[in-house]
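One chain, subunit A, links the two complexes that follow: it is found with subunit B in the first and with subunit C in the second.
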Partner chain A sequence: MNPQTLQILQLTLNGIAIGSIYALVALGLVMIYKATEVINFAHGDILMGSAFVAWGLITIAGLPFWLAVIITMLIAAGISWLLEARVMRVIVGQPHFAGAMLTLAIAFMLRGAVSMAFGPSSRTFQTPWSGQSTHVGGLVIADLNLVIIAAALIITALLFAFLRFSSLGISIQAASQNQLAAYLCGIPVKRLNSFVWAMAGAMAAVGGVLLAPIALVDIGLWFVVLKALAALVLGGFGSIPGAIVGGLLIGVVEQLAGVYLPDGFKDVMAYLVLIAVLILYPRGLLGEAHGRRV
Partner chain B sequence: MRFHYDTTYRDAQRLIRYRADWLAYGALFLLLLAAPWILPRYYVGEVSFIFIMCIASLGLMVLTGFTGQISFGHAAFLAIGAYAHVWFISHDVPFVISIIAASALSGAVGLMIGLPAIRVSGLHLAMVTLAFSIILEQVIGRWKSVTGGYTGVPVPSPSILGIDLGGLRPFYFLCLAILLIVFVALINLTRGSIGRALVGVRDSETAAHALGIWVGGTKVLAFVISASVTGVAGALMAHHVQHVTPEGFSLLLSLELVMMVVIGGLGSLRGAILGAIFISLLPTFISKLKPMLPAAVSGQFGLEIFVFGLVLALFILFEPMGLNGRWLKLKALFQSFPLYRRDTFRRGKTYMKSERYR
Partner chain C sequence: MSGFFAVEHLELSFGGVHAIRDLSFSVEQGEVFAIIGPNGAGKTSVFNVITRVFDPSAGRVVFQGNDITAVARHQVVNHGIARTFQNIELFEGATVLQNLLLGRHRFPHGNILAQLCWLPNVRRAEEESRARVEDVIELLDLAPYRNALVAGLPYGVRKVVELARALATQPKLLLLDEPASGLNPEEARDLAFWIDDIKHDLGITVIMVEHDMSLVAEAADRVLCMNMGEAIATGSAAEVRAHPDVLAAYLGT
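The block that comes next holds the complex of A and B.
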């Protein structure tokens, strides 16, 4: 293979790895949006907080990696459950704007709390795959990237199977399509909404644990939520496959822009894509065409 | 209780109707005139900054409070106003013309961002503005020939007709004067036909359309008005900070502006002013509070943002009408004193309403 193709392949692979994390975050956002019609701006801060918690569990408490991951997921899920059940439910029925502002307020509080608890310095922790790499026909792939892609694939497959085949998953779909009808069928909609938030929180925790070895455990990690929003818009708002496709595309585009476009484009590429899609093709790639209720 | 009895057309037109209001607003005005000689020097600068934030918050209120369009990126218009003003003024454009030109430029950019407002709505628009402000921060950082990049540019002292207004007190009066002009202009705008069109579009686009209001045009107009008012605030802010850098117009400032509007109470100009005062004073208040807290909490960098989040959350949960709503409730309590019913402002039960079409 000539070096040009090799470089593009290499960048695409890195992009897919980062994009898998965006996809995980976007997946959580879209599930929350479908269930409760709220864009959860605090999602990125749950991810950031989980990265810090995982760091604490691994480095300070000395727990093994896998145990730490599971405990982090449980904590993030618990916090998300409480947020939905105790805070978000108070303002049900008010305009979308109120919900968005409330999640922003929660995001600020989480960010403040994490920075008060852990201090502003950034840090890193060891994973079983840190510093190892696999060679495939001239390509050098960090094992961490492979693990990220694999984890994202497994979670997506599990989620798909759960939503498609289990009765709980089918009730979640029903509740997100029509809450009133779901109520009338005897589905415990309130509990399911909290459950969806908890699932999304656990997925954000996985994203945080996977992103931290690449990007450092830092307060700035919450920025992922903005990239995930761009992914959602690109994929089509409210579509689960769209969230995955959008996440992967944003990841790849960012990596390619970092090398082939002038300096500075890498940081804003996701937002340029967001604006372009919303202006030119607001439906997104896989979004359903639907109007607004009057 | 007091009821409006308008006997002539002029009665209904008046901004201030009663002698008590004349007294109250007159006293407030005199107090503001005397403030620079009463307050310690540090606080005079602080109050000028509050005036600037009031202007910016009024600008956002037109867009978010009256038209229902959400912008999470209004710091971008502050930045455009500030940089344009600095550029004009350092090219020997007189102050008044420069500030008008900066405001016009900011409005033109608002027009550009407002055009997609016809196509996307609600939170999607919020995302467009958010993305725009992040991109603009990068652009300012890299467009070194005009903006000076991340090192920033120094701002010349303001002067009108050769009179230097850079001092603490002159600048205070400059800000006060511009705030008054903007405030009165917006009061008249919002109670005129344009203002009613804005509120109509906010409450129901379909109904507004059926009444013959050009919905798309009204949205874009709101964007332009809002952006140009915010641009004026940006120009004044450049003089206040005296050295503009891209970091001064970060995402956090945009969110602070949104907080001012929400905490003040959506849909009222008084709310915009109250919210701006509240949010601008909050950091000062927190730093005054710090010595009373245990060292483990007060020494931390995250305390301020935590308190901001907490205040915002409490307002949304318990007082969605904001400070202005609180003011109206107090007023109702005093006006109907022995007969006040506690349930007058009780919120009805609300249910989940879907905006999706299924």
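The block that comes next holds the complex of A and C.
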């Protein structure tokens, strides 16, 4: 293989790994949006806080990696559940922007809380895959990237099976289409909404734990939520497959831009894509053809 | 007090607006009971209180000895009460069959692990639900629309789908909110037959809010007329129609 192709392949693989994390975050956002019609701007801070919690559990408490991951997921799920059940529910029925403002406020409070608890410095934690890599042909693939891709695949597959084949998952879909009808079919809509937030929170925690070894455990991790929003717009807002496709594409585009475009483009590429999609094809790649029912 | 279904001294107000004032009535098992009245009389509000969409300001709704006003909204269906809505509340992005199967949600279909593994007990429960749904599809002639998306169906068919979903929950009491509104004469005639089937063949008690007096006269055993949130007359369709207060309410004198 010539070096040029090899480099593109290498970057694409790295992009898919990062993109898998964007996809996980975007999936959480879209599930929350479909269930409660709120764009949860605090989602990135749940992810960021989870990375810090995982760091604390691994480095300070000395817990084994997997146990730390599970506890982190439970904590993130619990916080997200409480946010929905105790905070967001208060403003049900208010205009859309009220929800956006409220989640923005929660985002800043979470950011402040993490900053007060852990201080502003970046840090890192050991994973079972730190520093290891696998050679395939001429490609060098960090094991961490393989784990990220595998984890994202597993979570997506589980989520799909859950939504498609379990009555709980089907109830969630039903409640997102018509809450009143769902209630009168015996579906406890409020509890399900909290449950969806908790699931999305746990997914964000996984994203945080996977992202931290690449991007460091840092307050700035919340930025992923913006990348995930770009992914959602690219994939088609409100579409679950779109969230995955959009996340992967944003990840790849970013990596390629980092090498083939002038310095600085890597950081703004996601937003350039966001703007371009909004201007040229606002429906997104897999967006629903019909407008949102009001 | 009546054993089957009774509304006792029900009050519902929103701020200074009294939607329901001291309303009491009872319905016997097996009866078709119609509620009529001018627009804004509080008819739909009565349904909304029974199905726990609204909390009453005072009074009770007693169904088979249970105070329904103390029941959670998603538990109403488990007490055997199903309803349709004047403006049709369906799962628009799902097929007719999926909508009807959601009506079966209240019946046990195994736990989540069993469902994901498609264990025999889950399969049996699903087959049972499917069979009950097929019964309803046959009763209401919905076979041509079984796999159609609700969003693309004409209004009259959607109304039938909503009735079908209510029946799929196997209710003891069925609340129909203006079932004939928006239907053409042929569809309205079918509806009269179906209400008769629901009463006689399925043994379901029906309370319906309806403006179409010919349907009310044909289908209802007893009629309650409401005006300004109050009951003004109860009796057979002919009696209520001849009642001076009812005439006054409709003619606005």
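Following the convention adopted for this analysis, the second predicted complex is superposed on the first by the 291 of 294 C-alpha atoms of A that agree within 3 Å, B and C clash if a C-alpha of one lies under 4 Å from a C-alpha of the other, contacts with A are read in each partner's own complex, and residues count from 1 in each chain.
Here is the rule we use: a contact is a pair of C-beta atoms (placed from the backbone, for glycine too) under 8 Å apart; a residue touches a chain by one contact, two chains touch by 3 or more.
Keep in mind it's a predicted model, so treat the numbers as computed, not measured.
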{"item": "Contacts of A:261 with subunit B and subunit C, given as first, second, both or neither", "value": "neither"}
{"item": "Touching partner for A:165 - first (subunit B), second (subunit C), both, neither", "value": "second"}
{"item": "Partner chain(s) touched by A:119 [first = subunit B, second = subunit C, both, neither]", "value": "first"}
{"item": "Dominant toucher of subunit A (residue count), subunit B or subunit C", "value": "B"}
{"item": "Which superposed partner A:185 touches (first subunit B, second subunit C, both, neither)", "value": "second"}
{"item": "Contacts of A:61 with subunit B and subunit C, given as first, second, both or neither", "value": "neither"}
{"item": "Partner chain in contact with A:177 - subunit B first, subunit C second, else both or neither", "value": "both"}
{"item": "Contacts on subunit A seen with subunit B and repeated with subunit C across the two complexes", "value": "177-178, 290, 293"}
{"item": "Subunit C-touching residues of subunit A, taken from the complex the two chains share", "value": "161-162, 165-168, 170-171, 173-174, 177-178, 180-189, 290, 293"}
{"item": "Touching residues on subunit A, where the partner in the complex is subunit B", "value": "37, 39, 87, 90-94, 96-98, 100-102, 104-116, 119-120, 177-179, 226, 229-230, 233, 237-238, 263-264, 267-268, 271-272, 274-275, 278-279, 282, 290-294"}
{"item": "Touching residues on subunit C, where the partner in the complex is subunit A", "value": "51-53, 72-78, 82-83, 85, 89-94, 102-103, 105-106, 109, 112, 115-116, 118, 151, 165, 169"}
{"item": "Partner subunit A, residues of subunit B touching it in the complex", "value": "68, 70, 116, 119-124, 126-128, 130-132, 134-135, 138, 141-142, 204, 206, 255, 258, 262, 297, 300-310, 312-313, 316-317, 320, 350-358"}
